[in-house]
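What follows is a single structure, and I will ask about it in a moment.
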């Protein structure tokens, strides 16, 4: 099995086979976060390892999920960034000075967002500037430095990925502090969406972790990467930026686990059964039924783990999987917490039967008793009015 | 929330192709008609309603479309009629009152507070944010905003905050109303989509609820947050609008130009409005539970206090003081306990989970006897009943249970539980003087549960002056005006397609 | 502030005569002797145009590199091309500047609005013109980031500015913004005594630019002296850091880059990066 | 477990005991300095650090100084045991127990000399010098009957008391001593938006200590470096729940011992059960793992296993000895507790144990076990047979309570698939500004550490 562990032609061709002509996408912080929500799903793991873009694979089928963000939402983000940068980063300097207690009025600000091409070459150059500037922390720069659009290069499951941190403030009390800008407001000290805040902090934690690795590669003590990050958001009802500082030590540990859990591309490719490919599924020239059948075969082959909330927000396959679960009557359809009440029971139809008193196998027995009871009670004491009138369609 | 019950619901709906009612009664007040509000925002702009539709749900809606909601003048101009109408309705609802005395306190409580229904919880928070924005407007930018905007803001903010109270019906998100009264195949996450819920309950004939809701998810758009496809259209129309008006805010100029945007949003609101009408009509078919009116009159008290505070010009803090938070927490917890108890005690269907989770027993009264027991050196008479439950009961001795018929009164104490055929015989002793109404008759099928609907002794409000422990060492420095940073330049929409990774699913 | 003015004019490629004239003009301006200043300006203009062969007849400002010295636009010139307006405005600003601000200034100064689209087109034309080596005294060229000398298209400069002024280091964006603000404030002060209409248009532009400078605006109107001094106060410490950096970078660029890349920047890829 | 035991000095680790004594001295001195000022001292204790002993002793000291003291804790059980503690250490000290309706002291406590149960009004009129009550009752008495004017307010279990309750009670005295266990469960609310205020200074659900330190960050916090309840073999596991808080066991290794006088194994069926009991007796820990399988929360198989363990433990007539006993004495059923996470688990086990005549064996959910001590504890692992992890079951406080109640041995019962639950990536968690800890992620780490430490004691059933 050693062949699995070394990238080699065999692995490469296996990878090509898995990908086929399916659209691919590089790993970035958002993909990583999305993958974290579905990492226990074998299909999702293979797709991520092969960098298959799960959002596009099912394009033009009834199972393609509405994806993407309002142009206004994006516009707001752009505007907020612009506000921080205009007039030579005046606002950013102010916010950092107020928030970090270090004077950034005359800080050196490396603007890595402009001039560099939006491609690997550009990213690579930015990553070089980033790492060399970060390394200067070892000499303890006499003045603070801000990397605007720092780029960290990290190996994700055997493939290089580039990660763009909004800000990196170097030399604040001998520390490097990661900053993340978000255009959603913090109203009266409270975020309008705690999950969005959590995701933002996870992002920042990812940069801290990758920053540490970048420093270590250069033999610099990574302890100077601060555990606490800054979040810059509009305050209250306008766009005026405000800075929040938050300790993300435990989130950093989570991201460390996550990176550890990312499957290696070559290993995955080589170890996936020969029959598995996303090629047919993504082939828009084929009829939908063919593509969805192919999807069914692939997921049956690899296995799928479906949890409504996490899958529906993070994976382009969710609707297609949900459809399969419905077809199989899989209890997971309605969520793991309920499925937990059904140990040893194969399908929802069987649950219904047991509810009506079908003889339970030893495996089913423990769960069957409360089900039968629930069913009896519902029919017996809840003289529940049934839907009568039908909508005139 | 019994997982066994949930599992059974899922299984039956799957097998029978039919959503199931969770309740035999309606546990939430529904005005006839309620005031309905539907909101569409610009994507990502939490304080900018691109369209507000409102009106009594039994009729057509009025629609406010600012055109460019990020322009203060246009925004306020468009919101004005909505705000004025809302304020008028609130004030009208606060007129007719009944005097109520509680302890030493005498209150004039509005008899029918204004109920607002919205499609979903997301709209509740959207209205809360809109209220937060309007309630603290200053004359920043030279022009003082129309006072009705500020007043409406305070009303919206009150409604949104009061929506935290379990069982309240002042601001009713219909997705929760439906999810509380119907079991579907939708996971809690998917239940946020009112159209999907409705489709599961009333699928087109011959369609399985699952397929119906899946289809609804594809087609239906509820708001307040627009999906990309919607805002692509909005973006184009808005660009034309802004170009055409060339920074004019003169109503005469803007009105006609906003027409395309208006019809754009009218088309979006239309189906949502019908959906809300259908949902409310359906739930109104159910008889209201007895405690519904009590809960709504509690809402009335809150409503009355709000109006009496705000109309004379009272302000609310943007954040709670430690004292307010402590009081609120306690009120909310009381409300929750009472709501859950009332539901289950009044509605057998809602009692099932408690029966399944071992927090309630149901059976036939096999015997009723009176005995004497010694309590604190005095012999007092007590009643002892034996209840035969068809199901095996596991209850620790000494556990206190309330008979649903006297759930506000004294509890029964579990004396013993013996196996009895396939079920159990439970012997209980009344913890109070046996009286006729406290005793069931032999042969009655009764339910006893851990739920008590009695009101616990009233508690006193904590001191106004916070103790030193809850005051910061150094007083926080004075902040800038509350609406600092308000009114930014409009921002051009950006083509999502040009952004490499536009984020998560919508 | 004299130093500032001189350093700007010093760093341009002028011969002694024009430099002397320039100083006299500045002296005259500061002495408040308007007519003298105007006379000297004309003379200076002639001196410069004499030196310049093939100077466009339509009178694009020839003394691009002398922000402190600007001729009075007596009669508003006939409508000029976007290019002329931009070069004109940029010349008067004198440092690398955001296209939008240049356009705003041009609009105020010459009463001619330049749409963003036109700017994009302008950039393309400039490059094409250069490739066709159409003889032009100055080209509108992008600023260059000072590490790999890649073009930063958001910031405009003029080809006849010395390299160090077209390069951007870690302090340059703020420094240039402050320099530009101070310059335009002085410009506003000067214009407001001559052309109220222009001044009225220009004031908001200056105010907008000064908005981010602590102590520059007191809330009321635009106090140009206040703006200029606030900007320069903040500029001074930045300059100490900025200028040496830019000089070093410029030296590097001169050593490394062919002439065209010194103007238009590099578009180097990176070799030796494994593809995924 | 009391620190008052002096006749067993040679059985104690004097260095640890001395260190603890030193810290307690500093705290008392610190507190006495502050008397009269609006200031507080916080004592952060690991499980079984002899908090209530420290509290009782300190109360005695304060009274000796002639200071009027109010002593409070969140629950009735806690304040009742405080009354007993105070009387044990200060027999002649009058104690006024102020209680709510139907919350009188049990007869045997009420009968203690010098213990009175006055109404709040009387307590105030008489100016009772030492009043003991729940925090809620103290607050109510303060508001309703003006019970106040104390010199010092002492709060035990201050990490379980929430800021809302503390708010009112705090008014009864200027100077406070807050004693608590940082490892146990945080204040909890059934509201589905209970995190509404989280991170804000007004959060009513932050701990009493939390709100105090937030507003007065310079308040001295002393870490008590000893555990009296746990013995050395139990300490490494306990440390998982107290990061950054060093402490050691007061009792020396080998002083305590659980022995099974009847040898196992009995029948084939009993083999794993006896193996588990033997492992627990010899090493202080046993982790019984049933075959991995998704099961109901109230899994009958697990419950039966637990009953068998209890039953067999007594059937093999277990005996214990410790620093306070001369020689071995029989293990009394009331010295055994079963700890669970859910009420349906509790009810099921209660019924099973009662049917075996084991009614005096205590069965409680974790939150009810807080502050209690037993010789042997059998813990139903929160993750046992769970298909998925969630915030409730990952809560480090819950696991901490279950695994730190015992003096001799703890037997954890779960399934061998449980550990695999932690092999993945913790779920994404929401963020709260101004609130750094993350119960899910911290709990994840704690659970992992515990699994690792229990590995050598695994008995597959």
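Order of writing sets the chain letters: A, B, C and D. Residues in each chain are counted from 1.
Everything below uses one rule, namely that a contact is a pair of C-beta atoms (placed from the backbone, for glycine too) under 8 Å apart; a residue touches a chain by one contact, two chains touch by 3 or more.
As the structure is a computational prediction, the values presented were derived from the model and not from experiment.
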Farthest-lying chain, centroid of Cα atoms versus that of chain A: C
Chains most often in contact, by C-beta pairs: A-B
Central subunit by CA centre of mass proxy: A
Centre distance in Å when chain B and chain D are each reduced to the mean of their C-alpha atoms: 38
Centre-of-Cα separation between chain C and chain A, whole angstrom: 46
Chain centre separation in whole Å, for chain C relative to chain B (CA means): 61
Between chain D and chain A, distance of the C-alpha-averaged centres to the nearest whole Å: 39
Junction residues of chain B - those touching two or more other chains: 319
Multi-partner residues of chain D (at least 2 other chains): 200
All chain pairs that touch each other: A-B, A-C, A-D, B-D
Complex contacts: residues of chain B adjacent to chain A: 2-8, 10-12, 14-16, 18-21, 23-24, 42-47, 125, 129, 132-133, 185-190, 201-202, 204-205, 210, 214, 218, 225-232, 234-235, 278, 285-286, 318-319, 348-349, 351-352, 355-356, 362, 391, 482-489, 491-496, 499, 501-506
In the complex, chain A residues that touch chain B: 25, 28, 30-31, 34, 62, 65-79, 183-185, 187-190, 192, 234-240, 308-309, 312-314, 318-319, 322-323, 326, 329, 331, 333-335, 337-342, 348-352, 355, 367, 370-371, 373-375, 377-378, 381-387, 390-391, 393
Residues of chain A touching chain C in the complex: 26, 51, 86-91, 93, 105-106, 108-111, 114-117, 120-121, 124-125, 129, 145, 159-160
Touching residues on chain B, where the partner in the complex is chain D: 164, 166, 319-326, 328-330, 332-333, 336-337, 357-359, 394-397, 417, 457, 459-463, 466-473
Contact footprint of chain B on chain D as seen in their complex: 38, 40, 101, 139-140, 143-144, 163-164, 166-168, 170-171, 174, 176, 189-191, 193, 196-197, 200-205, 208, 211-212, 214-218, 343-344, 346-348, 350-351, 354
